[in-house]
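Per-chain numbering from 1; labels A, B, C, D, E, F, G, H, I, J, K, L, M and N assigned in written order.
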Amino acid sequence: MSSLGWVGIISIVTAGLTIAIGSIAPAIGEGLALARALGALAQQPDEANTITRTLFVGLAMVESTAIYCFVVSMILIFANPFWNYFVNQAGG
Amino acid sequence: MSSLGWVGIISIVTAGLTIAIGSIAPAIGEGLALARALGALAQQPDEANTITRTLFVGLAMVESTAIYCFVVSMILIFANPFWNYFVNQAGG
Amino acid sequence: MSSLGWVGIISIVTAGLTIAIGSIAPAIGEGLALARALGALAQQPDEANTITRTLFVGLAMVESTAIYCFVVSMILIFANPFWNYFVNQAGG
Amino acid sequence: MSSLGWVGIISIVTAGLTIAIGSIAPAIGEGLALARALGALAQQPDEANTITRTLFVGLAMVESTAIYCFVVSMILIFANPFWNYFVNQAGG
Amino acid sequence: MSSLGWVGIISIVTAGLTIAIGSIAPAIGEGLALARALGALAQQPDEANTITRTLFVGLAMVESTAIYCFVVSMILIFANPFWNYFVNQAGG
Amino acid sequence: MSSLGWVGIISIVTAGLTIAIGSIAPAIGEGLALARALGALAQQPDEANTITRTLFVGLAMVESTAIYCFVVSMILIFANPFWNYFVNQAGG
Amino acid sequence: MSSLGWVGIISIVTAGLTIAIGSIAPAIGEGLALARALGALAQQPDEANTITRTLFVGLAMVESTAIYCFVVSMILIFANPFWNYFVNQAGG
Amino acid sequence: MSSLGWVGIISIVTAGLTIAIGSIAPAIGEGLALARALGALAQQPDEANTITRTLFVGLAMVESTAIYCFVVSMILIFANPFWNYFVNQAGG
Amino acid sequence: MSSLGWVGIISIVTAGLTIAIGSIAPAIGEGLALARALGALAQQPDEANTITRTLFVGLAMVESTAIYCFVVSMILIFANPFWNYFVNQAGG
Amino acid sequence: MSSLGWVGIISIVTAGLTIAIGSIAPAIGEGLALARALGALAQQPDEANTITRTLFVGLAMVESTAIYCFVVSMILIFANPFWNYFVNQAGG
Amino acid sequence: MSSLGWVGIISIVTAGLTIAIGSIAPAIGEGLALARALGALAQQPDEANTITRTLFVGLAMVESTAIYCFVVSMILIFANPFWNYFVNQAGG
Amino acid sequence: MSSLGWVGIISIVTAGLTIAIGSIAPAIGEGLALARALGALAQQPDEANTITRTLFVGLAMVESTAIYCFVVSMILIFANPFWNYFVNQAGG
Amino acid sequence: MSSLGWVGIISIVTAGLTIAIGSIAPAIGEGLALARALGALAQQPDEANTITRTLFVGLAMVESTAIYCFVVSMILIFANPFWNYFVNQAGG
Amino acid sequence: MSSLGWVGIISIVTAGLTIAIGSIAPAIGEGLALARALGALAQQPDEANTITRTLFVGLAMVESTAIYCFVVSMILIFANPFWNYFVNQAGG
């Protein structure tokens, strides 16, 4: 198989695994924070505004690590410089 | 086996594993949050509205990481640029 | 073995593993939420309606990740585009 | 060994592993929920009806993920489209 | 080695592993539920009937996942369609 | 090595691993239940009869999953249909 | 190496691993139960008889899973039907 | 395959895995801190300012380890000195 | 290498691993029971006799699983029937 | 492939894994410390200065282990003595 | 390499791993028991004699599993019957 | 590939993994100690001096294990005696 | 490579791994015991003598398992009977 | 590759892994003990002297296991008898 084929295959595998592995921790981290937020709401209903605001800012920060992985995954599928190089080679 | 065959096989494996692995953490995270929400409801029934709203907004955020994986999985099966390239090559 | 054979084999393995791995987390997550719901019922029987309704909406959301996996698994067995391509090739 | 042999072997392995792995989480999830239900019964005997009903509806939902795996396992043994294709090929 | 030999070997391994892995979770789940049931009996002796009845119905449900695995294991040893096909081939 | 040799080897390995892996969970599950039963006896000595009876019925149910594995293990050593087939072939 | 050699080697490995793996869980399960029994004795000295009796009957039940493994291990070393078959073949 | 191809493939795999593995711990660490922050807010609403400020400074510090990984990942895709060397070699 | 050599090597490895793995669980189980016994002594000094007696009888039972492994290990080194067979073959 | 190619590939993989693995523990350790700091702030608001100062000095110490890994990772990419040696060899 | 060489190598590896793995559990078990003993001393100083005596008898029992491994390890290095056999063969 | 190349590659991998693995435990250990120190400060503000001093002396001791790894890692990259030997050989 | 080389390599690997793995558990066990001893000192300062004495006797016992591993490691490096045998062979 | 090269490579890998793995447990054990010491200081400030002294003597004992590993690691890099033997051979 040519280099082009190998680069394609590896890009597919890596793109999939990157987002799959990379979504494990954010989902669990967000679940923990969300669970605790609901407990905090039940415990101190009067602070619902502060709690909810802090929760969503924090969730966005945790989500950012999932988004890093999603970005790398999309780059590997749609804007892969190694793939482009070899396609140019093959077409040259 | 040709490059085309390898790309097909790898796409199948990666699509399956991506959604399989990627659904582990959201399901557990959502389960934890849901479990805690029910506890919060039992503890502070008067705040049922705030709790339920926060819960579902949060669950949607956790679910988003599962959806990233599902999107990548669908792209790999139905809109795979590497597969399309090699099919064009083979048909060219 | 031909490409067709490999694609078939890989589809079988992936379909099985996808649903097997993908059902681990929803089952545990649902079990946790259900366990907590029963505790909430015992603690606050008067809120049985709210608790049960939130429980089943939440369980449906958790179940959705298992369904993503089941959908991918069924696609790989009965509507696999890679298999169809190679069957057409072999029959062409 | 022919493609037919490989497809048979892989179907056997996958069918077995799918139900074996797929039954881990439902059994544990159901065990947790059942354990908590008994605790809830001991704590609030007057709500035995609500608790038992919610328990069995919930258990059915958890069980559903085991049934997805059993369905895929049975399809792979008795209604495997890949096996049928190659048997037709071999007999053609 | 012929296809027949490989199918036989794989059937043996899969049958054994299916029941071995498949019995892990039910045994632990049942142990947890049983342990909690005994605690519930000690806590609320007057509800012994309800607790015991719920326990055994629930245990049967957990046991069902072990039975799925036992059924698949027995099918693979004594009613294996793939083995029958190749025995017929070899004897034909 | 002949098919007969391979089937023999695999039967030995599978028989051993099936009972070895299959005895992990029942032993732990029974240990948990037994530990809790002793705690229940210490807490509620007057219910010793109910507790002990429920314990032993439950232990028998947990033990059943170990027995499934022992049965499969014994079948693979002393009543293995695949081994018998190949012995007949070799002797025929 | 002949089939006879392979069967001997595999029997050695399997016999050792079966008892090694198979003794993990009973030892831990018995340790847990014993630990709890001592706690129960300290908590309710007057029930020492009932507790001790239940403990030893239960330990015997847990021990039984270790004994299944020991039996299979001894069968594989001293009464192995596969080894006997090949020794007869080699000597015939 | 040439050195160039291997360097490309390895760069893809490493870039993906680096960010995937490297985002696990920050996401969990941030989730834990966020969860505790919400509990602290519920417990001491008057200190919301100090708590929130300390939280976000700390989260930034935890996030820094994810950013190290993201930086290495981007370097490997877009500014890889090893890739550049071999491209120059190939083009020289 | 001859069969004799392989049987010797495998016997060494298996003997070592059997006792190494087989001593993990008894040591931990005994440690747990011993730890709890000391707690029980501190809690109920008047029952020191009953506690100590039950402890040592129980420890002997846990130790028995380590002894099974030691027995198999010694059999494999000093009374290995497979080794004896091949030594007789080689010397015959 | 030449030694140069291998050194390049291995440097890429090692650089990525070093920072990926090396950022796991600092992120979790910092998350734990941060979480506890927020709890301490809620518990003893008057000591906010001492707590925050100790926290940031401690975080810097934990961060140092991540920085060791980042340094090694950067050395391997941009100042790798082994790579330089072989580039000189190739260019000599 | 001759059988003698292989037996020597395997003996080295097995001797090392046996004592390495075999010392894990006793060290942890003894640590747990020791930790609890110190707690018991702090809780009930008047029973220091009984506690210390039970502790050291129990530690000796836990230590025995480490000693089994040390014995097997020393046998494999200095009194290995398989090594002696092959040395005699080579020297004969 | 020459011995020189292999030594270089292995040095790179080992240097990276040594510091990566070696920084896991110190970071977690320091995180735990730091977390507890903050709790101690909140609980006993008057002892801030003793606590902080003990903390930093202890952290330095934990950090020492990370520094052992960093030292070995730097030796392997910049003062590797095996690399020097082979470079002298190659240059001799 | 000769037998001598293999024996040397394996001795190096085994010596390193034996002490590396063998120092895991004693360090953790001693840490646990030490941690509890400090708690006991804080709880019962008057018994400092008894606690400290029991601690150090117990630590010596736990340390003994690390010393077994260190002894085996040193034997393998400096007094290895297998290495001596082959060096004599090579020199004879 | 010659024996000399292999011995060099293996020495590098083993030296690195020995200190890397060997520093995991001491760092965690010391972290636990340190964390508990800080709690003890907060709880019983008057015993600061006894606690700190016992802490540092204990830490030195835990550190000793890390030092065993460091010693073996340094021996393998700078005073390796196997390397010296082969260097003498090569130079002889």
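Things to note:
Here, a contact is a pair of C-beta atoms (placed from the backbone, for glycine too) under 8 Å apart; a residue touches a chain by one contact, two chains touch by 3 or more.
The structure displayed is predicted, hence computed values, not measured ones.
Counting steps between touching chains, the shortest path from chain G to chain K takes 2.
Separation of chain G from chain H in touch steps, taking the shortest path, is 7.
Note on chain placement: the centre of chain D and the centre of chain K lie 43 Å apart, centres being C-alpha means. Separating the centre of chain E from that of chain N, both taken as means of CA atoms, is a distance of 47 Å. Averaged Cα coordinates give chain B a centre that lies 30 Å from the centre of chain E. Each of the following residues of chain G touches two or more other chains: 2, 11, 13, 15, 17, 19-21, 24-26, 28-32, 35-37, 39, 41, 43, 55, 59, 66, 73.
Contacts between chains close into a ring here, every chain touching precisely two others. Beginning the circuit at chain B and passing next to chain C, one meets the chains round the ring in the sequence B, C, D, E, F, G, I, K, M, N, L, J, H, A.
Here chain C touches chain D in the complex through residues 1-2, 4-5, 8-9, 11-13, 15-17, 19-21, 23-32, 34-39, 41-43, 45, 48, 52, 55-56, 59, 63, 66, 70, 73, 77-78, 83, 87, going by the rule given at the top.
Looking at the complex, you find that chain D touches chain C at residues 2-3, 6-7, 10-11, 13-15, 17-22, 24-26, 28-33, 35-37, 39-41, 43-44, 46-47, 50-51, 54-55, 57-59, 61-62, 64-66, 68-69, 72-73, 75-76, 80-82, 85-86.
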